[in-house]
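Two complexes come next, and they have one chain in common, subunit A, joined by subunit B in the first and subunit C in the second.
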Partner chain A sequence: MTLDILTQIIASGLTLGAMYAVSTVGLSLVWGSLGMLNLAHGGLMAFGGYSAYYAMGALGLPLPAGLLAAILMGGLLGALTYHGAVRFMLRQKAFETNVVIATVGLAFVLENAVLKLFGAQAQRQPLQVEGAIQVGNVVVPLQNILILATALLLMLLVALLLKKSRIGRAVRATAMNREAAQLMGVRVGQIYALVLMLAGALAAVSGVMISSLTGLSPGMGADPMLKAFIICVVAGLGNVYGAVSAALALGLIEALAQFVLGVRFGFATLLLIVIVVLIWRPNGLFGRQQVTRL
Partner chain B sequence: MTQTAAGQPLLEVTAVTKSFGALVAVNGLSFNLNEGEVLGIGGPNGAGKTTLFEVISGLSPATSGSVRFAGEDITRLSAEAICHAGIARTFQLNAAFDSLSVRENVEVAAQFGRANRAVPGLRLDRCTRASVDAALEITGLIERQRRIAAKLPVIDRKLLMIAGALATEPRLVLMDEPVGGLTPGETDRIVHLVERLRAEGRSIIMIEHVMRFLVQLSDRVLILHHGEKIYEGVPRGLVQDAQVVDVFLGQGASRRLASYLEGRA
Partner chain C sequence: MSGGLEMANLSAGYLGRDVLHELSLSVPAEGLTAIIGPNGHGKTTLLRAISGLVPRCSGAITLDGRPLQGLRPDARVAAGVVHVPQGDMVFAEMTVLDNLLMGAYLPAAARSAKERLEEVFALLPKLAERRGQIASTLSGGERRMLGIGRGLMADGRVILLDEPSLGLAPIVIEQIYALIAQLKNSGRTLLVVEENAARVVELAEAIHLLDDGRFVWSGAGAELMARPEILETYFGG
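So, the complex of A and B:
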């Protein structure tokens, strides 16, 4: 394997991994703090992608406004998820199952809203940067570098928010012990709404990233959501930092598998890895029986 | 902090019933607590003591009856709102935020527990820090404030829960088995702490199985059995009450407690 091929694999593996990381962190955050599996995550990704498309295509706004539109839409949908469904279920005994069903319903609503608003045909994501840089003999598109940089920036911001801010501390406290947090006056409803908004915004950004490479279609979120689940499971459900490492590692492995075995074996390899990991470590690579999630 | 009108109890529990399906955990219970008073609650396992705390602290609201605090009805308020009203609570079992340090644990309580903040900001203000320092100081955790909560021994976990409760600057502290599982030496440290809090004029309700602890610190004792009150009065009267001796203390423990009370008098 020559150096050029290796560079190529690393460049595309890191881009994949960065996109996966952004979508996985949102999913993992919601699982870690609410114990809620959000099956509408793919729908949020699609909505984010289409929001940027609408802002830049139909309204003719510049690139940063496109990204901002996606972030706002994701946050708004996250808030709606909380105020429209989750908050009525929190006190129910079967919260964890009920809420999954509710998010399946939400996923249908989101996908059909996209169909109704934008139609079924695939579209090109206008949020693109042209140009490329030369690394050795390999041409790396600027778009890939932008994706990687945005992803790293977002991960850094999320980590800072969780680790350093008071509100982040409340999120971690609520994740560790909801009742104790409540008794110390943390308004957990507000925290949950915030986590869902944050996760929605992250999903929307990852939707923009993914669609800039693969194009827009109403069902575009399905595959990436499945991959995000795989990464969550490999990392240990709810483990946010583990999810980022697992996303980058699996991105690189997928790129390698695509090159060595052929493109169609990339996803299959990921699934194979999950099976092996779950046999070897049922709680995931970074998971423990007693999870300290955040 | 508003003062309660003279003569008005700080906490009024009136005909509170809590049932889970057919099981009645607390049955038509009424009692009052005055400002500055220390009330001890005892009784056999399953008597409904912890359930009563769940009801007062709002984690699991009463099926019927009412709880009034400082003249306001708090029966159906959320746990957060009751915390903001001025009631703090510790748990029987460890309830710390495991991956945070001792100080960070208390900071959560001071930050969110003292008043209802609509928008929690990004940094701590001076008032919050002072409240955290005071809580760490009185519990003696100040030297261990950088330790991670998960790594603390049992006594420090109990102290940490109390520190968290105090950092919310409560008017009433509910303590659920503060000395359960501690050695006699460690129990004494909690005794000193409760005595200090009492001297500061704080109102306290505590649940405890260790009867010496309970009679030593309480102004008044309440014994529950099957969710009902079987005794309410001064600690001294416990050993003379036939029903208490019968269902809870037993003859042996009752004699030991009686001689302990003699020794203190």
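So, the complex of A and C:
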């Protein structure tokens, strides 16, 4: 009985954590590279979720195409964020504040575009796998396992990209010292655009994951974005590996809190933990000093 | 126009104020050219103007006759400008090896990165020993060597060194200058900026004294040594 409860908590905690990790890594990369808080992240999640919905529902495409549609849409919106707004603000002194306002604007545009295109009523995400497996006496839906596996695969790919590839090395170098990276021949604008595209694609995938459990609605990204921010802050802004660990840990804690204290205390517990962590370690658990963008 | 790095009527600076005033300078295709002068008089700005990092810049800069002005910094690297910046601008949280590979970031350099890496390791065996170490854990002298080694990875036409001896212990300065002498003897084009004239004077074919954004004296190293009053005026003896 107790073992079953523990299995249940771990299963749902890992699923939550995996979804959080995918969306948090994008936010964290963008902060680490550009020093930019992207408040359109939630809008990107919703757009990703609806892209899969449209590709599979209206166009009748198979599951992988639904996921691909979300990834492409997220990447496209990330590129638009850079070329439509961010690049014009990079040299401004008040970049941090200006760009936050720009992303708030983008968030409104995205949410209203979803409203206009798909309406306000909630929809079911067609990107689902049926069935479940039995772990002890606990039934774990295959959907949860798919989410966990996709998340792990994506995290592995992002880690390989950052660690092993030439372009990933340039992303890290630019985050560490923008000017030195330029002196190596790195075209910083290209790197920023790439980071925003990657973050957009990850947000879109996490939007598909979240909506497959909770359904689609135009404002569906608001809560997950807030949680992604919380995880970023707990991990230390800009720390990608820390963000993944913190996401999994907080997913497990939320699942535990939901079981022990009841569903509506899950989020409240997360916020309490953030406060404690930030009093104890003002730069987050794995935090380092501020990024220097210019 | 001859080979090498040429500047004509170069003015450059920051936020509405010029630090350099209509400089002209010719860095011959072979050998070592030194720019000396007191701190805060535009030496670093001059190198930054060449590599494209200053927001305000007018006049002409050419490398082997090809104009550099108006190009983005990355295009200037592709054209052959290697700028080893002042201080330790290594990528602190990367390994020594990753730092070096960043030096060969552009496709042309990346293709021959392996051979170049062997060259750099042969020249700087310390870096080979520490290839897996995080750059921030290196000593000051090792970091300086890493900065220069990273610059060599780009396989550029001209190497700009900004105060290679700054903040190092005398014995380490000896090592760095032994390295610079080796680079010079291997036929590379070097433009070295130093506040402290002592070491660079022995190696330089030509020396230019930069004061308040203008060249106030130019000549060979031996000539400068024969004019103690110049050193006294600008460096307080």
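Just so we're on the same page, the second predicted complex is superposed on the first by the 287 of 294 C-alpha atoms of A that agree within 3 Å, B and C clash if a C-alpha of one lies under 4 Å from a C-alpha of the other, contacts with A are read in each partner's own complex, and residues count from 1 in each chain.
Please note the rule applied: a contact is a pair of C-beta atoms (placed from the backbone, for glycine too) under 8 Å apart; a residue touches a chain by one contact, two chains touch by 3 or more.
The structure presented is a predicted model; accordingly, all values stated were derived computationally and were not measured.
Once both complexes are superposed on subunit A, the partners subunit B and subunit C clash.
Within the superposed three-chain model, A:A40 lies out of touch with both subunit B and subunit C [touch as defined at top]. Shared-chain residue A:V186: touches subunit B and subunit C both.
Of the two partner chains placed around the shared chain by superposition, subunit B and subunit C are both touched by A:M176.
Shared-chain residue A:A246: touches no atom of subunit B or subunit C.
Legend: residue contacts after superposition of the two complexes on their common chain; A:R166 is shown touching both subunit B and subunit C.
Measured by the number of subunit A residues touched, the leading partner among subunit B and subunit C is B. Across the superposed pair, subunit B and subunit C both touch subunit A at residues 166, 169-170, 172-173, 176-177, 179-187. Across the complex, subunit A meets subunit C through its residues 166, 169-170, 172-173, 176-177, 179-187. Listed in rising order, the residues of subunit A touching subunit B in the complex are 164-167, 169-170, 172-173, 176-177, 179-188, 292, 294. Those residues of subunit B lying in contact with subunit A across their complex are 57, 59, 78-80, 83-84, 88-89, 91, 95-100, 104-105, 107-109, 111-114, 116, 120-124, 150, 164, 167-168. Touching subunit A in their complex are the following residues of subunit C: 51-53, 72-74, 77-78, 83, 85, 89-94, 98, 101-103, 105-106, 109-110, 150, 154.
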